[in-house]
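For reference, the structure I am asking about is given below.
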């Protein structure tokens, strides 16, 4: 099989440790993985936020103004810009009472075509099922 | 013979996660499996040369060198290491330093991947 | 004792916090603890807000996480780092970090 | 899918674990996760042991914490690092770490 | 006031991070604190295990055999050897179903006179109340 | 003027705890309080010279130096630093290195102590 799917599942809060940040930077690094692979081989990443991990997707993060570091928001937008399929667990969005307005649903402002998708947990489970490897963060 | 890639994003000292990773790698190698280890985030602390051995902490420098001699690839994330002030000259002999895509490429060719997130 | 308790984690049930007793108790939500000030789960506010204590949340940590003042429960007083210093020296005698 | 889940923490309620579905599911208790294999709180075993899955616990981590074989619930199979390698390669296709 | 009481309260599990280990080593370092202080000044440490922290006090820890590191058990015994008052929360001991036999109640084997005390949480709260500072681990 | 002693046992990079400590110390100093900072465990990572600045991480070396210039004592646990391979020559200028009893002595003379345990 020449293309392998890797699921990056983010289950942890932002800004506690750098775990969710590293999930994003590693997913985005799939852009350059070809240099290490044979012709025709590649990796398709899929990114999913579940549980408390959905709180990474809240819009308007001012981490840069407050602490001088890039926000998870800017990383998620970069993931969309690099056409990474980005899923947010619908049940958890509902549990936390978050409206679509409150979430990072697109990155049009930086020119991304890809948009986030709010999907049931079962669909994320199916992505894990069809992935070659699951990386849990 | 199959290949196991282990990603370890956990901090070195006090947390027992790097001990876990090293012991699992040893056991897998003994059974003839290939093993790659990727250290990212605070996990890159494992790559620092000159860790002094105290009885309160497991000192893994020798074990790491034995793993490398035995054919295990042990690689630290370059950016994460630099951010912590660990430069090329600080690296334990045999320890690699690569960009994040190396880990994904290792996952590509692995039969099993164990990704250990941060605490 | 006048006890100020920093809560740095988002965990709605905090066994230790629930047992602490003091004549005057303050709960200061910082880091991921600030989610307790702003989030409802299944429509319910964090039980930490029901504690018989004055509740504060750190403005910088709310904003970093995209939590605006409008999201914060009315029971919670928002403070900045300057305000924390005053709480530490003027309002509480002992402070602990959970 | 045949999914092996490493549980490294002692948290009796694990929301993520409770939602995972797989044709074949294994729960492998390591690090502080091993307390789930041996401790009862208020006389009750960890709900993780009720999960419809094969449950394992790492011998080395039990022993480090002073938890002997006699403390471990009869549902739990005790494995060492050698055994973990076999579980990873022979019993499960994908493995995750919670 | 020439003598100050500092309460070291351990609330966290052993062997997850080194937090509880550092609580013990810092408490024991009160033995040598006098060199930094004026004549007649000193610190009296009191050590208390509460919540999941009581699991640090389980006997028979084989961390040294398994991982080549000192166990929390040996640190607790050293605390007793240096005459640090050591309290274990009775409610939590009961909650986890631990018998006295399962706990580190003394360090006679290394010559310590001090023994651990299993006391109600209220008594530990009172120690915090009368302490000059509380260090939570 | 009162004195605040802060003990920080938390890891440097990615965790925002050292950012918290530094900002609190700055604010306390501005209000005329004395401040001691004790870094133990993985907190000693803050003392490492030559941390490269990335936009993903807060780079605190300059802030630390300013704090020291402004009269704050910033001290790392010597044993914890050595266990991580951070030797005397790795120390940021102005950063102290002491044994654990220094922290207790600082608590002795402090009006307030904020002890931040590990994660």
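Here the chain labels run A, B, C, D, E and F in written order, and each chain numbers its own residues starting at 1.
Methods note: a residue touches a chain if its C-beta (ideal position, glycine included) is under 8 Å from a C-beta of that chain, and two chains touch if they have at least 3 such contacts.
All of these numbers come straight from a predicted model, not from anything done at the bench.
The chains in contact with subunit B and with subunit E alike are D, F.
Chains making contact with subunit C as well as with subunit E: F.
Between subunit A and subunit F, the least number of touch steps comes to 1. At the subunit B-subunit F interface, residue numbers used by both copies make up over half of all numbers present, so the two copies contact each other through mostly the same positions. Per-chain Cα centroids separate subunit B from subunit F by 28 Å. Mean C-alpha positions place subunit C and subunit F at a centre distance of 24 Å.
With centres taken as mean Cα positions, subunit E sits 43 Å from subunit A. In subunit C, the residues touching two or more other chains are 31, 60-61, 64, 94-97.
For subunit F, residues touching at least two other chains, in rising order: 11, 13-14, 16, 41-42, 56-57, 80, 113, 115, 117-119. In subunit A, 11, 15-19, 22, 25, 67, 133-134, 136 are the positions where the chain touches two or more neighbouring chains simultaneously. All chain pairs that count as touching, in label order, are A-B, A-C, A-D, A-F, B-D, B-E, B-F, C-E, C-F, D-E, E-F.
Per the touch definition, subunit E reaches subunit F in the complex via residues 4, 6, 11-12, 17-19, 22-23, 25-26, 29-33, 35-37, 41, 43, 133-137. Considering their complex, residues 9-10, 31-32, 35, 39-43, 60-61, 63-68 of subunit C touch subunit A. Residues 6, 8, 30-31, 60-61, 64, 81-82, 84-86, 88-89, 93-97 of subunit D touch subunit B in their complex.
Within the complex, the subunit B residues that touch subunit E are 11, 13-16, 19, 55-59, 119.
Across the interface of their complex, subunit B is touched by residues 15-19, 21-22, 25, 67-70 of subunit E.
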